[in-house]
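In what follows, structures are represented as structure tokens.
Shared between the two complexes below is chain A, which pairs with chain B and chain C, respectively.
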Partner chain A sequence: MTGGYRAGPLARGIAWATVIYLVLPITIVVPVSMTDRRYLSLPYETLSLRHYANLLGSEAWLGAIWQSLWIAIASTAIAVVAGTLCAIGCWRLARRSTEWVRALMLLPLIIPSIVYAVGLYRWFGTLDLLDRFLGVTLAHGVTGIPYVVITVSTALAAFDPRLEQAARGMGASLGQTLRWVILPRIAPGIASGAIFAFIHSWDELVLVLFIASRNVFTLPRKIWDGINENLDPTMAAVAVLLIVFTVLLLLLDGALRARRDP
Partner chain B sequence: MTALPRPEAMAPAGSAAHALELRGLSKRYGSFTAVDAVSLRVERGQFLTLLGPSGSGKTTILMAIAGFVAPSAGAVLLDGADITALPPERRDFGMVFQGYALFPHMTVAENVAFPLRVRRLGQAAREAKVRAALDLVQLSAFAERRPSQLSGGQQQRVALARALVFEPDLLLLDEPLSALDKKLRAELQEELKALHRRIGRTFVNVTHDQEEALSLSDQVAILNHGKLVQMGAPEALYERPRTRFVADFLGKSNFLRGTVREVRPDMMALQAGGTRLLQAVQGAHPAPGTPALLSLRPEKIALLAGEEAADNAVAGRIEAWAYLGAGYALTVATDDLGPLRVALPAWRAPIAPREGLPVRLGWSAEAAVPVLEDADGA
Partner chain C sequence: MAREAALALPAARRAWALPRDAGWYALLLPAFLLMTLLYVAPILQVLAISVTEPAPGIGNYERLFTNPGVQRVIGTTLRICVTTTAVALLLGYALSYVIALASPRAQRWWLLGVLVPLWISVLVRAFAWVTLLRRQGLVNQGLDALGLIEEPLRLVWNEFGIVVGMVHYMVPYAVLPMLAAMKEIDPRLLAAARGMGASRLTVFRRVFLPLSLPGLIAAGVLVFIFSLGFYITPAILGGGKTLMAAEWIKLQILDLVRWGLGAMLATVLVVAILVTLAVFSRVVDLRRLFGGGR
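For the complex of A and B:
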């Protein structure tokens, strides 16, 4: 990709416009979070950190963060285990039917989440999973599976199947081959999938709106309610923290990928 | 075999070498027959090479021996016991894969230790065996490197050490030298042969390189279109090929076509156009009047000086020639036998080759061998 022609002014203009369009709405919350007013606005006279202090002193906000974190961790665990096993199984069998299984696994990503949420609402009602930690965790775990299936399948596509043959030829059982040969080779793919599944649960709102009400109150839900009820700039502070956290996760993902292909 | 000195750690209790037998082994993929009723036997401690062009089924046979391919029919026997249904991880065969298949996330020592780790061997015993195996292939200094930090030849030796470290019943080699350049290949051929002598195990090798097959093996099995065409010691195969395919695939050969005119107990006369050929016969004698095909190696043809006599003599003109260092490769056009390839030693060659030069070629009645025309698909 080196030695090409330099982009012309038009192409550069469009590119920069796109970048600004993408980044500006995200960056605007930074000054808003430092406003000196008591409502959502840009700073008037001075910059203030009192909304951050408010956030860290508020039990409601911290509780929501805490709950979101646990749900994200638990649902990531579900997504990683189920998604990795599914991807490895499809890869090992490699028949036409496994292509269908893989496509089926991507459904939660393809179907609008509001449709999914309506279905879950009916279904969870009969299972008594509404407004419970387990229910939200399961919903987030299942909808996180596609991310893991995609990243692990990609990692497996680059895996030399002769390594598996070699391991079995030397007497390794399926479990030993999985533990010592396959998993270490696809670990970066699993980590990528885990990061995406985590982010997915961390900022998921639509499902939570349907299947949770008072007991389970995640961070996105809290922000949503905050916007509906009062325009407290604490939300902007939360948003900034969310952005920082997500960027850190993506940087981690990038670092893992860089390690995979040296 | 037990009389041969072996490195301590590689010496197993009891007999190390095992005999392998294939009985009517076949593998079909849909309507395509990759391996067609192959039966053969490798004796204890022998080095067998399966040789054939690509698509001849040689790799499929090796994979069936290793257990990675389930045969459609037939059986694989180790020391007389049927192991056809045994999965690969329970066969205890060492295998060197094409491209080596070393684990990139492990060091050389970890790679070699893998089969021992799988067998839950204790740390101390494991380390001793790994050291012995790396010594065997002269790679002790590289134990802590990763495979990607090694040259092709070194990787190949790691693969060998890994395949041998658990004292396998059988060592299988899938084109072990094909990824190396020519000089390194020759070096490793010698090492592999020495290794085989030293550890006295049964080796089964797959290659499409006829030189490798001739120089390494005790026995060579030649395959074509999934069928076993001929098996024997390298010299026997080269000197007495049974079919045109074997003569052509193993080394170079001229093919002379003629009609049998006269048959005596040890000799027959053929007519090829205006040329009468004298040919020694062993075994089956063809009937007079039938067509016959002879295989004649280029190095068995001599240039005749002046009126020098030979069992067979034919005149021709040099059509093309090439200097190869050790010798000249000539193509001589003849009226009755078509173009003949002649290998002429360059040292004190009687002529300076040039195109159009008239020459007389001669060979003895024992130089050529009658071969069968290849049956369809064999």
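For the complex of A and C:
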């Protein structure tokens, strides 16, 4: 900052306390996951990795991770394709009607997922999509669209529309313009959107509680059951792996952003 | 010959061509269809169920005025949401203020402390809070070992636990809009006011606070509407004893199969959120809040 004006001690104190409140409780799961006891506690005598061994040796946990991974990948693909095309269309057309389309795309961020889950439970019942991979994937894909629309719209805001006009003026078709002119420029924005859509699906629980039961059993569902039934340190090991995974995805996003705006 | 045909092609195409922007409109189509058929339609159905089941009419809505159970849930939800919003705004405001006035290098570290928790799974965070706050949890054990308490404090499975967990979830959402607004404030204004003899408190109250007010309101709206429909954290940290709207809806539909009643409260929730947004859209640029991006 250039003005040389600094925050006072009271504000700094609250800010530090808040960051500690935000970060510390999350890190507490790391020592708990390495406890040598069978119940949730800090390690007493030694550090133990047996809860990680439990986790990686468990069919149920691995199955849930695997299902979540596939659902997240498939739904991210849906969100990225639909969201990117929509953001480009809205950007290029830029009228009142497309403002409404963009607002429509943001609805899943505003309307609580419990409301959508209730509606989907009935809707998928009639479409015979309950408790099926396709159903969960579609639901996660649709609710992932806003993340892609936001990041791609932001990337497009920095894109010079005259480039697109020049390409079209020189005879490029819409497909060629998209492929060779627009998409390469906004690729980092698309990648960011994909990362957030992926995390969204990977963490999503409320919809899954309603539209899936036995056949589709995702990782958040398994964690939910674990918290409600038996709190054991294996849960802490899962939590640590999830935290590491999320942080890696965020680092990836940070690296992409750094490349985009050096 | 072939070349001539190729040259003639664009002209021929133009003759029967669709409107000029048809191609761009086609790009909107996949997302539009997905969103209307798989998102808007199911939600409209919820609204419809609320006035058709178990019998057509507004019988479900009458319960809002007659049923003490429904009223208690709404009261609990509002109380927890207002508390959460107030605390999250206070903590978030101080945090944004410090971040906005920090050096660019320090800003990056502060932001890390805000953004990483934002993206950590809400389940993982609720689990961490249970580990810390339950009866035999780490906080109680620690206080006990220090001899500060006789018997374990009741920190979770009540409203206190819910607010702790919800504020933890909401602070990052409070920080982002406030920080965006505060970064627009020219720091030289503050230095100038100080140079002209204003105390720190006066500089804050007369210069910084008014300039950051739009961000504060935007953050308040965002946190409040997110809190209203929040399910996972209240369900886990409330332990089934303190019911908020979302969990009550789930109970009506999955456990008691009272669709009409559940759909009614879901509708009330949506209407409350949309009305809040509509009221504040005059004060706050909502498009910016959700990264409209132009």
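What we mean here is this: the second predicted complex is superposed on the first by the 258 of 262 C-alpha atoms of A that agree within 3 Å, B and C clash if a C-alpha of one lies under 4 Å from a C-alpha of the other, contacts with A are read in each partner's own complex, and residues count from 1 in each chain.
In the analysis below, a contact is a pair of C-beta atoms (placed from the backbone, for glycine too) under 8 Å apart; a residue touches a chain by one contact, two chains touch by 3 or more.
Not measured: the values here are computed from a predicted model.
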>> After the alignment on chain A, I want to confirm one thing: do chain B and chain C clash, or do they fit together?
In response: fit
> When both complexes are superposed, which of chain B and chain C contacts more residues belonging to chain A?
Replying inline: C
>> Please compute the chain B to chain A to chain C angle from C-alpha centroids in the superposed arrangement, rounded to the nearest 10 degrees.
In response: 90
>> Let me test your reading of the model: by the given contact rule, A:Ser153 touches which partner, first (chain B), second (chain C), both or neither?
In response: second
> Thinking of the overlay built on chain A, is A:Ile111 touched by chain B (first), by chain C (second), by both, or by neither?
Replying inline: second
>> Between chain B and chain C, whom does A:Val30 touch in the aligned arrangement: first, second, both, or neither?
In response: neither
> Thinking of the overlay built on chain A, is A:Cys90 touched by chain B (first), by chain C (second), by both, or by neither?
Replying inline: second
> Is A:Leu69 touching the first partner chain B, the second partner chain C, both, or neither of them?
Replying inline: neither
>> One more residue to check, A:Ala172. First (chain B), second (chain C), both or neither?
In response: first
>> I'd like to know which partner A:Ala139 touches here: chain B for first, chain C for second, both or neither.
In response: second
> Just chain B (first), just chain C (second), both, or neither: which does A:Tyr121 touch?
Replying inline: second
> If you take every C-alpha pair with one atom in chain B and one in chain C, what is the shortest distance in Å after superposing?
Replying inline: 6
> Both chain B and chain C contact which residues of chain A?
Replying inline: 171
> Within the complex, which stretch of chain B touches chain A?
Replying inline: 66-68, 87-95, 97-99, 101, 103-105, 114-115, 117-119, 162-163, 166
> What residues on chain A touch chain C, complex-wise?
Replying inline: 1-8, 10-12, 14-15, 17-19, 21-23, 25-26, 28-29, 32, 40-42, 78, 81-83, 85-86, 88-94, 98, 101-102, 104-116, 118-123, 138-139, 141-143, 145-146, 149-151, 153-154, 156-157, 171, 174, 199, 202-203, 205-206, 209-210, 220, 223-224, 227-228, 231, 235-236, 239, 242-243, 246-247, 249-250
> Mind pulling up the chain C residues that touch chain A in the complex?
Replying inline: 10, 21, 23-28, 30-32, 34-36, 38-46, 49, 90-92, 94-95, 97-99, 101-104, 110, 113-117, 119-132, 137-138, 141, 168, 171-172, 186-191, 194, 200, 225, 228-232, 236, 246, 249-250, 253-254, 259, 262-263, 266, 269-270, 273-274, 277, 290-294
>> Show me the residue ranges of chain A that touch chain B in the complex, using the header's touch definition.
In response: 160, 162-163, 165-173, 176, 180-181, 184-185
